[in-house]
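In what follows, a single structure is set out as structure tokens and then discussed.
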Amino acid sequence: MVPILGLLRGDTSADRVVPPTGFTARLTVFTAAAMAFLAVFALALSLATARLADRWGTALAQGATIRISAPAEQRAAQTEAVLRILRETPGVASARALGEDEQRALLAPWFGPDLPVETLPIPQLVEVVEDGRGFDAQGVRLRLRAEAPGAVLDDHSRWRRPLVRAADRLNLLGLGALTLIVLTMAAMITLAAGAALAANRQVMAVLRLVGARDTYIARAFVRRFTLRAGLGAAVGTALSMGAVAALPRMDAAGSFLTGLGFSGAGWLLPLLIPPLAALIAFWATRYAAMKALKEIP
Amino acid sequence: MVPILGLLRGDTSADRVVPPTGFTARLTVFTAAAMAFLAVFALALSLATARLADRWGTALAQGATIRISAPAEQRAAQTEAVLRILRETPGVASARALGEDEQRALLAPWFGPDLPVETLPIPQLVEVVEDGRGFDAQGVRLRLRAEAPGAVLDDHSRWRRPLVRAADRLNLLGLGALTLIVLTMAAMITLAAGAALAANRQVMAVLRLVGARDTYIARAFVRRFTLRAGLGAAVGTALSMGAVAALPRMDAAGSFLTGLGFSGAGWLLPLLIPPLAALIAFWATRYAAMKALKEIP
Amino acid sequence: MIELSGVSYGYDGRPLIQDLDLALAPGSFHFLTGPSGAGKTTLLKLCYLELTPDKGQISAFGKPAKQLGRDGIAQLRRRVGVVHQDCRFLDHLPLLDNIALPLAASGQPIEAHAADISALLEWVGLDGRADALPPQLSGGERQRAALARALILSPDVILADEPTGNVDWEMSLRLLSLLVELNRMGKAVLIATHDLNLIRQAKSQVQARVLRLRAGRLDVAGADL
Amino acid sequence: MIELSGVSYGYDGRPLIQDLDLALAPGSFHFLTGPSGAGKTTLLKLCYLELTPDKGQISAFGKPAKQLGRDGIAQLRRRVGVVHQDCRFLDHLPLLDNIALPLAASGQPIEAHAADISALLEWVGLDGRADALPPQLSGGERQRAALARALILSPDVILADEPTGNVDWEMSLRLLSLLVELNRMGKAVLIATHDLNLIRQAKSQVQARVLRLRAGRLDVAGADL
């Protein structure tokens, strides 16, 4: 980065020797802006899908239930045993036996709201909330079989697994798009710099003729292109972040899905794009300029 | 398209007067290819999300259940009435009262497999399968209240609606990205053409000096750029379609999600991209050339 | 064939040429002299309609220049051979194609004129360099190539801006005799030059009028050359 | 200060200059003539190291050219003023900046040399055109500007390729006298030209050697000019 920062200080005399190439300049700025815009969106997409996969994965792991079907006299004891086992299980944040009202609400879709829960041999349900690590379902099942034979653990994972896989896939796609876009930006900036240098062969020849050093000549071009690419990418990034911020939020509290956007420190990630573009432009132009100069005696 | 096809025939003499501008040529081809590549992916994304929204929407609408809680003696009659009503409702493909085994299976997560269904006041469940149009849930509810007072329609829509909204959102995003990418491609091709024309001012001046007509000069440039953009976009599209085809399929039969990809006639859509790129290049170069020529007396 | 009457012209409002009359009749031979920066090149550019006069009329082959569209100007330039002072070529095409460019631009097949081209190349002493690219030519070779290009369509009017500035005396005479011969065939020739020796030499061969451009006005130089 | 010994050079294998010796000593004044295409420009390019000889040695200011890197060559060119035959400028910069370009390229402030620049501009008759862009100059004005640019760093060696090809006789004499004056201050001057009158005129002012390049060899022209 140090040589780039040096460029910012500038050398107006060296700067003026490069003609203001209207179209290549606009092309570079626009390319950098457009690709930065797309890159921010791809970044937002892959962050959002990562979050989604995370949330779905968490929901998946956390949605465990234990069902205790036991004769009425053993029911309280087994429930007690189950809760004790769960308290002793690492990875379980909390466990709670559902009350009658809650059980009735859960069954309402099947029986209607008037179900006489108390008169039915309905199993007691225990809701398990995991912490981040998750617990060892197989271990819990073994202990339950020994200490609470009427208890069955149902961790629901079958239901949500494809969703998580889908979110992961989307995430991968977002990352792939991001990589592709950054590579495309690099290639385009390199080619635009090459085009500008090719168009300015005569400028370089004149400068060599009057005794200018290669570094002096290259520097003027490199400075232009680095600033243009950085500027363009900054504009594109700003626009894109604005657009992302303006997207209507999707995650109303507790919603199943997450919105496209950044959260917290995620907002800092896109800020890497303009310096990246500038860095690419710096090296691409430097390389192209030095190569072009080699051909001028 | 007619003028473009005319270009393909070509005029080798007019063609040679334009210098083979290495960098701008590569820039145009690469830009067209890269943007076509991205465009195909954006297209695939928006098609896939459209399909997803469609499928989820269908699942949502189709997943209706009717629950009949009635005294044992009225139960058969009300079930009969419900099935009749459903047969008469437009948009319902089929309706079926669930057997005891099926009801027991559905309740197993709550009561365990040993539930004595026959001894319980369990409501009768009727599964409703819609055809594509969907039925008028409100109308059905009104008729049910009159003719089968123990029947309750539950169309589950609350549960899946956010999913559909999410898919729609993704779809919109894909379409937005597609539009953005096509616009970017257009702008880049226009700027690259402009850069090439600016670099070739002297060529145009020499040609004017020896008595070449504007159309002759413009044609040579337009032909180059149209072919380059078309070629680049064709390469990008082909690569991208290959990549999409090579993506592992996600929709194992019955899966909740759909894979990223094209199906059936969808494979024809990306084929529009190369001609579109060529068309853009044609008009952009034509406009830029005519404008540049106006400045040369 | 080209007539300027009452023509004035100036760049950016600074008047350079004022109220000038000039007629290039068939078979006429003109020299144009004057100090550097007097406006000789400007006057030639007016003649082939690269510049539009601020005042006055220009007519070419009987038609007022103002009535010619851009295509009309292109058409006209096929009848006017121009040697630019800074002779510019298409640097990516070999000399042969550059000389044949007016043919290509006017839609004529090069093959039909192959003999003309090689005769011209020989006359200007470039017969061995047909495959060279313009940047590979020496200054004098470029000037001669520019002259060959100007003559390939056998134009009715030949406007040459300093066509011998970079060639040696023998070659100057050779080029002059080519122009004199074309002039004898009825073509109008106008040569802008600083080379007074060349003018003297030409006067011994043809009836040449020597015009001197000074302070925006043309006057005919007499025996004082 | 620049010495060529046994130098041969040819483009694409075609030998053009053969086994040539030349020494540009301080205070020497050379003219270089020869037919168009003889290799005058090529010889000048060898002198300022734009071309590398196929055979033989070139040394500049006592150092063998081969030992100079690209930066060394740049450094050297600041001591050699070159007027190119097709004088090229930075077309986007006004004349003043173009003439000051060698100053900028060697890191010297333009302000400190403002007086030199305006004196030079006046001498070559361009004092009114300092703000013009190079494409707005006439052919002769460009040549004079190129000469001014070559002289701005007050170089020890001056190489001018056809510096008077596009200017009138009076201006030629004015430019010549400028070069003669610089030569009297000890600078080495080499002028490639076709203008025999100019050579004759110079001979009356300085001790000038006239070299003629023909068939790849240099010989000193005598009184036969």
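We just call them A, B, C and D in the order they show up, numbering each chain from 1.
Note that in this section a residue touches a chain if its C-beta (ideal position, glycine included) is under 8 Å from a C-beta of that chain, and two chains touch if they have at least 3 such contacts.
All values reported here derive from a predicted model rather than from experimental measurement.
Contact with subunit A and subunit C alike is made by B, D. Among the remaining chains, D is positioned farthest from subunit B, on the basis of C-alpha centroids. Measuring from the averaged C-alpha position of subunit B to that of subunit C gives a distance of 63 Å. The geometric centre of subunit B is 68 Å away from that of subunit D, both derived from CA atoms. Centre to centre, using the average C-alpha position, subunit C and subunit D are separated by 29 Å.
Taken as a graph of touching chains, this assembly is arranged as a ring, one closed cycle with exactly two partners per chain. By the document's touch criterion, interfaces exist between A-B, A-D, B-C, C-D. Here subunit D touches subunit C in the complex through residues 11, 33-37, 40-41, 85-86, 125, 136, 138-142, 144, 161-162, 165-171, 194, 196-197, going by the rule given at the top.
Residue ranges on subunit D touching subunit A, taken from their complex, read 49-52, 70-71, 73-78, 82, 84, 88-93, 97, 101-102, 104-106, 110, 149, 153.
Residues 21-24, 26-27, 30-31, 34, 37-38, 41, 45, 65, 67, 69, 106-107, 109-112, 114-116, 120-123, 125, 152, 154, 162-163, 165-166, 169, 173, 177, 180-181, 184, 187-188, 191-192, 194-195, 197-199, 250, 255-257, 260 of subunit B are the ones that touch subunit A when the two sit in their complex. Those residues of subunit B whose C-beta lies close enough to touch subunit C in the complex are 13-14, 16-17, 19-20, 202-203, 205-214, 216, 293, 297.
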